[in-house]
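Structure, as structure tokens:
First chain written, first letter: the chains are A, B, C and D, and each begins at residue 1.
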């Protein structure tokens, strides 16, 4: 059997870029992490070390910074589409360009009830993400939220599951439900205003999580995905990854202290991981 | 020369504890990381393996969870003082107990302009910290803010510094100033309401950072510390660690694009680290 | 358009398990991270909150620990196959069970030229991994090496690539090639002795990396994958992810110091990411 | 009470530098992380924003790279001393310069029983560290090992400790002892050959850890420190931080499986932290 090259790609990851957009009344500060990945006619590079069709990843990085001045002006989706199109249209050997952007969120600090014009606070784990894939004839845009830590202190139960030889978990009608979730959705058709869509979908996700009487993470996951699809006709499907950030009741009764569902051990590992796609027929 | 034991301590670190405090109108969710460290008469444990004066770190952990039910009701400072006192007063061999707590910040999500009664969003890097040290006769309380990421897009310069053989940095009258800072302050005398003090000091720090026309990180650091001392008579001194989160102007001119101080490379390493204490004479 | 559940799975991740296997002459210490993921008939759990077919992730965790006593005795592959089969064969609602194991590597310390019988040193980033996927009729075993940091100080060039408006990278006939690579390969047919196969493949990968006169990361990647396929008939294909750990020549000439390719800046971000599959026709 | 500046310092942290030293028969690859911290006459910088005595941290970084060519040739201690002396002797406003270096360890790969001349494997957590502090008249050198993960599967007990209301830990005469330790020692007088000293001290630490019949982490810590002082007359004292990497016996008996001290849960948090100094009278 002959040996051959299969699927392959290359690009620059983790390009850290920040931009100041100076508005008359305030400065807008944006910080993003950009990754570029190219697929195409790269067989000779692998088999013969022929670099004549290789655009170096260092050049990809320079390109991202250079094009940000004129083309990163609004949503990360618009910038990612521009970048992906640039690589496909200027590099004939590139069949598909994928540009992924994660935006780190900053908020202007509040002083005396007003947003300060140029001072920001950041540091949250939540990021607004997008992955744009472009070839000669088509483009796909999948946006999302990464590492959103949400938690509810009630309206979550977990009961009536299978018991077997190895079961020790106790059923509960009232537990903490916490997850550092990553949610993505594909737009089809593409919207005119990505930022408006993002804000609207994020609001639906939070509202559904808050209002849901959860019987399991699976049920909450499905409810969140379905709510987005019901409210946003241009979302094709929603994929949710919900790692369970367990808050385990500490056994106070062993010390003759009454258990009233108040004191928990917060654990990172091991963790339940529930993931699923909600889609349209 | 004889060999002997010098300074030593032991304890349990990174005890992850969460609590629900159920108020009539809403649930208060709190998550803290607690570390306990004990010093005292532990020489025989080291030199002879005599554990008769050792309270195991596992027991320290259990104690933190057990005491949280009745004694973690308001500020992390009050709980840390209670814990430190517990170890000193119940364990005669313990000379000094140090309890450090970092509180992870959660906010109730906003829906339709109202805070939801039991749904939270977390994930920020900022933490409210305290370190309480207690011996038989005295107690010290040093509180602070850890990993607060703040940034301003203007009102920061860096000029007129030393130039030598190895200088390549260009002077600038307008740069991004960003820092993921950790700030601590010692209370003396101790306040009645730690949470009120914390919120008030945090507000002074943010206000000073925002309003300061910075000529260097050192100058901003000093201004922030001094502002706290001026406004809070019961703060003895302030210690600030300000790692510089560099946003380096990307060289667009090499591509014949005009530099207008808009596009930056955000870098984590290497980083400038400025630290200093502001105190009273 | 009706909304429905698409692909979904759930399970317990990051189960940290260690085991002592007591041999007459020495103790064998093993530490692994296990993740379980189940797919099957879970639609009612999502849409109705019906947990009657849900084996809790907590029970999955208990099962892994309980079965480790008798069934984790040799390779991680054998244990993963046993676990995956357990879930598929005891839970009729489970269509496919995937068990992923990463083994952390420990070596007995050397004293006076001998391995100590029960003292180990660990802490390396490299891990031996396997992913086993099992359904009612078939099993696939994909093993690999994760986070292997390898580096060569010469025999690596990067030249004759595309130059465009945004090119600043200089060609080099002699650079450092470093990568923290993750490599996986699928066995088909399955071998009798997974540990022997793993050691043999790892040796081929290191030998090829060391001996290769690299004209690009792509070429080295292909050579490494091809060497495994040429030497191991029961490997179906090899997938390599080679993030470039850049060591960038520091510009000494700006200080009138001669550049002799000696002093480098080691950077983590941004990084080139080259990935590809080498397979058989 | 007047407000004034207290202790303060500034410098560049996390300068990542690698070097190839080309020997006739092989290439020596070295990778280090350097941090510089300066103390001195910097009051005006803080209070007035006067930068005339500030050597920028960017220049410090350049200096480290520039001086590495001629002065990083053997031990990290020799290079750190050279750097610290450079800052103190060329910058009159600097009272004290502290240079900390952590060396990342690489080993040449073995092929056919021989070390390959220019191919390395790295990625271990263990680092060789040094902190050099220099003022006009004196120098101190404190070297060490950071993040050394060592483990023994027997010869470790923990019994006869205090029991109180909150005790749940069971006594054990045979447990896993594991620690990711950081150990530092001060040289006085300074040795001629730092690398030889480092290797010799590391060997004593490992030998003592392996051979010790441990009754507690405290006792092992003391034995390790004492062994270094007994064997190395030019070591003044030894400081050891030994975070306990717990391997907790999994309760198999709840499933009617016999407990034979074989299966453990490896946990990162919470963790016992034992630290102490062993010194001379």
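What we mean here is this: a residue touches a chain if its C-beta (ideal position, glycine included) is under 8 Å from a C-beta of that chain, and two chains touch if they have at least 3 such contacts.
Model, not experiment: these values are computed from the prediction.
With steps allowed only between chains in touch, the distance from chain B over to chain D comes to 1. Ranking every chain by how far its Cα centroid lies from the centroid of chain B, the top place goes to C.
Residues touching across the chain A-chain D interface largely coincide between the two copies, over half of the numbers being common to both. Mean C-alpha position of chain A lies 24 Å from that of chain C. For the pair chain A and chain D, the distance between C-alpha centroids works out to 37 Å.
Note: centroid distance chain A to chain B, computed from Cα atoms, is 29 Å.
Residues of chain A in contact with two or more other chains: 16, 62, 66, 165-166, 168, 255, 267-269.
The touching residues of chain B, when paired with chain C in their complex, are 165-166, 168, 254-255, 268-269. Residues 16-22, 27, 29, 31, 62, 65-66, 68-69, 106, 109, 111, 116, 118-126, 147-155, 176, 180, 206-207, 209-210, 247, 250, 252, 255, 257, 260-268 of chain D are the ones touching chain C in the complex.
On the side of chain C, the complex with chain A involves touching residues 1-16, 35, 37, 42, 45-59, 61-63, 66, 90-91, 158-162, 164-169, 214-219, 221-222, 226, 229-230, 237, 243-244, 268-281.
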